[in-house]
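Shared between the two complexes below is chain A, which pairs with chain B and chain C, respectively.
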Partner chain A sequence: MKNYRFFSLVKMIVLFALFSVSSLYSTGQQRFPHPEFETNYQFPEISSPQARLLLYSYLDVVVLLAMLVLMTWFVLKKRSRLAVFWLSLVAIAYFGFWKKGCVCSIGAIQNVSLGIADPAFIVPVTTLLLFLLPLVFALFFGRVFCSGVCFMGALQDLVIVKPQKLTPWLNTALGTIPYLYLGFTILFAATHTDFLICRFDPFIGFFRFSTNLSMYIFGAAILISGMFIARPYCRFICPYGVLLQWASWLSRWKIRITPAECINCHLCANSCPVDAIQIPNPEVKPEKAGPKKLLIHILTLPLIMLACGFLFSFLSKPLETLNPSVELSLKIESRQNTQNPEKDIYLDAFYASGTSKDDLKMESIRIQKQFDIGCWILGLFLGLALGIGFIKLSRVSKTNTYIPDQGKCVACARCYKYCPVDNPTLIKPDSKLTMK
Partner chain B sequence: MKRFFFLKYTAIISGLFSAVIILILTINYVQLKKVDPAQNMVVNKLIEKLEQNPSDQELKEQIRTIDLVSRKAFFTNRWQMKTGGYLLLFTCLVFLVSLKYYLADKKSISPPSSDRNENFWESRSKQKVWLISAPLLSLTLILVLIYISNKAYLQADLAAIPEAKEINPTDSTLVPTPADTATAIPNIQADSVIQKAIPDQKNIPVAEKKSFIPPTKKQIQKNWPSFRGPYSQGISYGTNFPIEWGNDKNLKWKVKLELPGFNSPIVWGNYLFVSGANKQSMKVYCYHALTGKLLWEKLIENIPGSPAIKPKVTEDTGLAAPGLASNGIHVFAIFATGDLVCLDFEGNQLWAKNLGVPANHYGHSSSLICWENLVLVQYDHSKSRTLFAFKAENGEIVWQANRGGLISWSSPIIVHDQNPPQILLNNDPNLAAYDLSNGKELWKLDCLSGEIGASPAYFGGIAIATNAYSKMTAVKLSAPVEMVWEGYDYLPDASSPVAWNNMVFTASSAGEVACFNLADGKELWLHEFDYGFYASPIVAERKVFFLDRMGTMHIVKASSSFELIAQPSINEKTDCTPAFANGCIYIKSKENLFCFSK
Partner chain C sequence: MKNKLKMIIPENGNGGKLNRREFLKTGLRSIALLSLAGVGAKLLQNSVSHDEVWQIDPNKCTQCGKCATACVLNPSAVKCVHIYQMCGYCNLCGGYFQPSAKDLNTAAESQLCPTKAIRRTFIEDPYYQYTIAEELCIGCAKCVKGCGSFGNGSLHLQIRHNICVRCNQCAIAQVCPSDAIVKVPQSQPYLFKTGNK
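Right after this comes the complex of A and B.
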């Protein structure tokens, strides 16, 4: 118990020191011009920061690999929550504060997507490795990356105070967001429209000591809600989590609550902060119309995909207006029919660049075509995810023991301490719980 | 139990206290935005007033006082934010630790719900409903947000935009229309492009604006496209130049210059370009090369990144020392502010950018030069030494070479008859060559020292690099590139050497003019004039034209023995290198621009 208290105290101090101090520093970034008087005062030269050394990029990959190996050992072999906690702090310090959170494995989705869509965009090998390594580890060992190697996950993990269970329907509803986010992220990155993950990164401001107010509010909201709904970003926003989830389902060495055979003591039932423990359900009987429904869902999967593709094709037009080139082109077009249009700095910059309107128009039309195709692909992908979701919900996989859902489990190692096999002292002589 | 209550109330009180601090900090944040000194309306209005009467000391004092008060308020507010932030840190810490301990005390292992299997399929049905509803709701929300933010453009139909035609990179549409540019460049007043009476329009060969094809070697040699002429080598390929002139002899025209500038005139066809600048304004002027009439002048302003206050430069360098350059379609100018501008031959600004204010204790003075569709900028200053190649049509960086060494004031020259064509640059300590196609450094030779003002010279496969108080080095450019000879006498300072027909000519700021054998560096002759030289010697029609600082042109036969041909003078101080084109010699003094022809 002492250890636990000390652990909590360290956690809180570290977390809020980082959070609050970073907020303060952010205000220090505001600048305004020097007074416009000629004086003898020599203004210091404005200098641009040097690019990050390439060596550091390789170091990042080495550190990531080392941390993944260590985390795998802590989670699967050593089964130590305390070790996971300390490694989380290292991840926050290195990937968060030292590396300023960029490029991270989550954001690397965008680089890879753009690299695939645009051959002119070369994805650095280090970025590619940052993207692939966690997936490869997930393929073998489950989501050990999420447990504490990901600095964003680690930060959220530190704030968990009293996690509440969410109702299944709410879990399902919120669980659709990462799929949408992943789809839009790839579409926007591939069309040179935006890097959504970077733009809406709620935590980066805390690590860089600088962001806008709305992102601070967003980040703070996630951390505060994270006190009671564990890891909200990881579970209900993170697009990389979708890929890790797929890889984890196929993992070779799965995370287990108990190191031996489960004795169905029920002690771990409520221990998972992210609702990833599957409760035994031997009594559940299959639905009467279950097989029929399942068959319908399987047969209609292509139709669902096509319907979603068709539906999403209508999103092409509104979405493409978010692309800077298309927006500029439309702006020019709309101004041609406007008398005395207002000044626009973007148009000023465009004209000053010397680029012709025809060039811009051609670029816009090219992007428009990319969106047309991209929206269809996005629709097909979401349709597939939706269809698979229906199929999963139409069948019951019977389990007789408590096992983690490999897709959802973030390998935080919290449930280990609830297992009496690991901790025999948990079973008190007067316990009312029956052991089967 | 006491401990339990203590933790509970500590959490409540610290939580409330944190909320109050957050509220106060939010209000403070809003106020901080309002007291931004840069947005102070009163100060801005007074500054506008001051612009009308810059010498009003009382007004200056008033602005300073208000500005100081505004800044004090801003920093006080900042201090309050910082202090409040620390307080918030402390209260949040207390709140969370107490909350954590309070909840830890209450923690117990709870058994799973006994009715967990009840309504299993009902729950699944509900989940299916939400599996569809949730993404639909999310999408609706996204669409509403997009609609709100981009309402105006959603109504426009991009497909309705006429299909863009196949773009020819040399199409005139690459150039925004004057109307576009006028709306694009903020605050450009209509009179900033002054269309003076254009004389003899029929006789002016309209610049080939419709299509941009890089000029041929013949076209370049026919004109005077940059400082020291074609490829900046100091050699004129024109003929029929006068050797005698005065106020009443061979003077074709003379115009008074408005703004000071040590740049040398350049000529393309019947267009002559110079620039001028003082602390208030920077301009590019275009004169009719045959009549001297001002065709237009362009005020260079509102370039993003351009400093509000002009950098400090020495009097003998000024703000407009770098020479302009032209490719027959565009004319480029750069100023000591780092502002690089591209205009067409009608004075329309096509693009402009600030390259960063150069850290240069005399002032930036390296001239521009064009090659094919590039404009090249030797941007050597204290912080960095860079050679930029910008695309002429739109200013996009095609390549850039980050160079070593120290700051310099010399200008690049182009060696077009080597493979690959290369650009040579001087700076301490190197003479270096870069591939014009990609900016790759081809070779460099450590042969210079000090403050380099002289540009390289080139003739027949041999390049010359020199500088006062250093040495003169001849370098053979054919492989292997190697030093041929070194000399130490009569080294030029501001003026650059010129090499022609196995000879090298130098003119020093002390008035010494010398000729060396290009092959072995042997001194062929030396002559001392009364006044020094800043303008670079030019070779034309087998003669060398040395213009001294008092305005006298010493015309010497380009041969291995000294033979003075003539010494016409304009009787005005001059430091600019003359231009030779259209059978005319253009001389720019500090105040006037002269054109002499037979």
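Right after this comes the complex of A and C.
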């Protein structure tokens, strides 16, 4: 019995020795022995410059919060365009040049969608707060974030020179792009395919002083067109703007152009660079919101949604090939059918990684299913947005005074100084306007 | 007059009472707030209070050379690091010399590095020390491949955090064939090789 124990001990020692030798050789890289220096040579230190301090990430959130509070105060209480202007300069300096842009609230949409779709993807608390804070503020005070806390909005606001009015249909048509962009962004992020907002960010290259040529051209094009069409990215591209628009429709405190009674002088509507001020139409008779009309709306809305859903479901096949896993899986399949396969670093890396083809296939099928469902949801969502847009277009509501469209207004505070009620100096003493 | 007052102060038009529209909006606002709180709570479950930064896992890296070109910065934030403790201090260094090099000297035509970012210094016979001049390194991984194929693998790529601009989605990670770009805690931002120890 004792003998047996002894043997098992020896066996274990031999096995352990074998194992450690084999592990030494399995890495296969220690081909040359460590030199035995005769001089007293010291290994140089390997430098490891540290990452940005965690403190700074929390500072970003604090600065964002402070700037939102300040901006709310400037826009709603102080009604000062100058203060808004200076704060937007601070935003460009801090979030743009100092923080180098990333992570921004717009891009955080992707982190949040991927975090919800894939629990293994970690969203740091700071990123989550960057996403939530502007939305919460919009729910209470409107789009004060867009006004100048967002460095991309601030940058575009600075270059506005001579904003032109766009016709309402053009505004509506271009205004559907952000919905599409938001939908595709969430679909692509949630399926681990790509971060579209980051890939097609037009301004980030200016803050890093480095990007590829096509993005420089895109960014420059947006800034140059932004001289005449105010804030093109905010109005016709920005996907976060869609969320802020929804929140702003529900906002508790609204931007009021005039502090007292509107005298319908039209000065503010001319001053608005983003065509957000609705021109009053007191002559229009309010339509009856009869049950018939309501019924038509309720019936047509699902129809539009289903039609869009059906249309977009055809997109899932071409879109899913953009996903890296699906692409790799398709590549392996097509390679099996060819005689002389070309060298491909992606395939080589895959074979070297030791992942089984079946695992990749399973992963690919899972993502394809996500795309099938995702494209339907995307279509339904766009149908809903379109349908609500149609309903809004078909309804003409009577307005007596100049009020900003809560969704479109980016709280730039330009209209305030054009309001003669706010600035009595604008009105000549003998003006008829005061008589009204 | 009452009508006009309602226009100006829509949230409190009916003598302090909420009208139907405002009631609806308040309800929807509460729902929106609750759903935002829901998103926050869901994500907080597996959230972290630290930040994460990008780093290259040297064991996954296949030295494809994309680090040099895909980074949003030019030159790339990826640099070669040298783990001296793993190095053999060879005279014939696979990471330093062109495979076709005739003489083992510091002549430009015998060097593998396209920017001549590796410095070779004599220590004692027959040992040479190889040092990376990071300001010249472009992260092309040519030396890493050479060292890994013929030597101890003491050279490998790392993202340098004094240069990296912490993109939300690392542009190199999107094209890396072996998914070698991973997220690591900001407090331990390097994945240095340790050899066999």
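The rule we apply is simple: the second predicted complex is superposed on the first by the 366 of 436 C-alpha atoms of A that agree within 3 Å, B and C clash if a C-alpha of one lies under 4 Å from a C-alpha of the other, contacts with A are read in each partner's own complex, and residues count from 1 in each chain.
As a convention for this text, a contact is a pair of C-beta atoms (placed from the backbone, for glycine too) under 8 Å apart; a residue touches a chain by one contact, two chains touch by 3 or more.
If you're wondering where the values come from, they're calculated on a predicted model, not measured in any experiment.
K.L.:
Considering only the touch criterion stated at the top, classify A:T126 as touching first (chain B), second (chain C), both, or neither.
P.N.:
A:T126: touches chain C, not chain B.
K.L.:
Could you say whether A:L267 touches chain B, chain C, both of them, or neither, answering first, second, both or neither?
P.N.:
Only chain B; A:L267 stays clear of chain C.
K.L.:
Looking at the overlay, what does A:L250 touch: chain B (first), chain C (second), both, or neither?
P.N.:
So A:L250 only meets chain C here.
K.L.:
With the two complexes superposed on chain A, say which partner A:A349 touches: chain B (first), chain C (second), both, or neither.
P.N.:
both
K.L.:
Touch check for A:T211: first (chain B), second (chain C), both, or neither?
P.N.:
second
K.L.:
Both chain B and chain C contact which residues of chain A?
P.N.:
In the superposed arrangement, which is not itself an observed complex, chain A uses residues 23-24, 27, 32-33, 35, 37-38, 47, 348-350, 352-353 for both chain B and chain C.
K.L.:
Write out the stretch or stretches of chain C touching chain A in their complex.
P.N.:
These residues of chain C touch chain A: 4, 7-8, 10-11, 25-26, 28-29, 32-33, 36, 39-40, 42-53, 60, 62, 64, 72-74, 81-86, 88-90, 123-124, 127, 129, 131, 134, 148, 150-153, 160-162, 164-169, 174, 177-179, 183, 186-187, 189-190, 192, 195-196.
K.L.:
Going by the contact rule at the top, pick out the chain B residues touching chain A in the complex.
P.N.:
That would be residues 29, 32, 36-38, 47, 60, 64, 67, 74, 78, 81-82, 85-86, 88-89, 92-93, 96-97, 99-101, 103-104, 109-112, 116-117, 120-121, 123-124, 126-135, 138-139, 142-143, 146-147, 150, 152-156, 158-159, 161, 163-165, 167, 171, 173-176, 180-181, 183-186, 304, 308-309, 342, 349-352, 359, 383, 393-396 of chain B.
K.L.:
Which chain A residues qualify as touching chain C in the complex?
P.N.:
So the residues of chain A in touch with chain C come to 23-24, 27, 29-35, 37-39, 41, 43-44, 46-52, 54, 57, 100-104, 107-108, 110-112, 115-116, 119-120, 122-126, 128, 132, 135-136, 139, 194-195, 198-199, 204-205, 208, 210-211, 246-247, 249-252, 254, 256, 260-262, 345-346, 348-350, 352-353, 400-401, 403.
K.L.:
Using the touch definition from the top, list the residues of chain A that touch chain B in their complex.
P.N.:
Chain A reaches chain B through residues 4-5, 8-9, 12-13, 15-17, 19-21, 23-24, 27-28, 32-33, 35-38, 45, 47, 161-162, 168-170, 172-174, 176-177, 179-180, 184, 213, 266-267, 269-271, 279, 281, 283-284, 287, 315, 317-322, 326-327, 329-331, 333-334, 341, 343, 347-359, 361-362, 364-365, 368, 382, 386, 389-390, 393-394, 396, 418, 426, 433.
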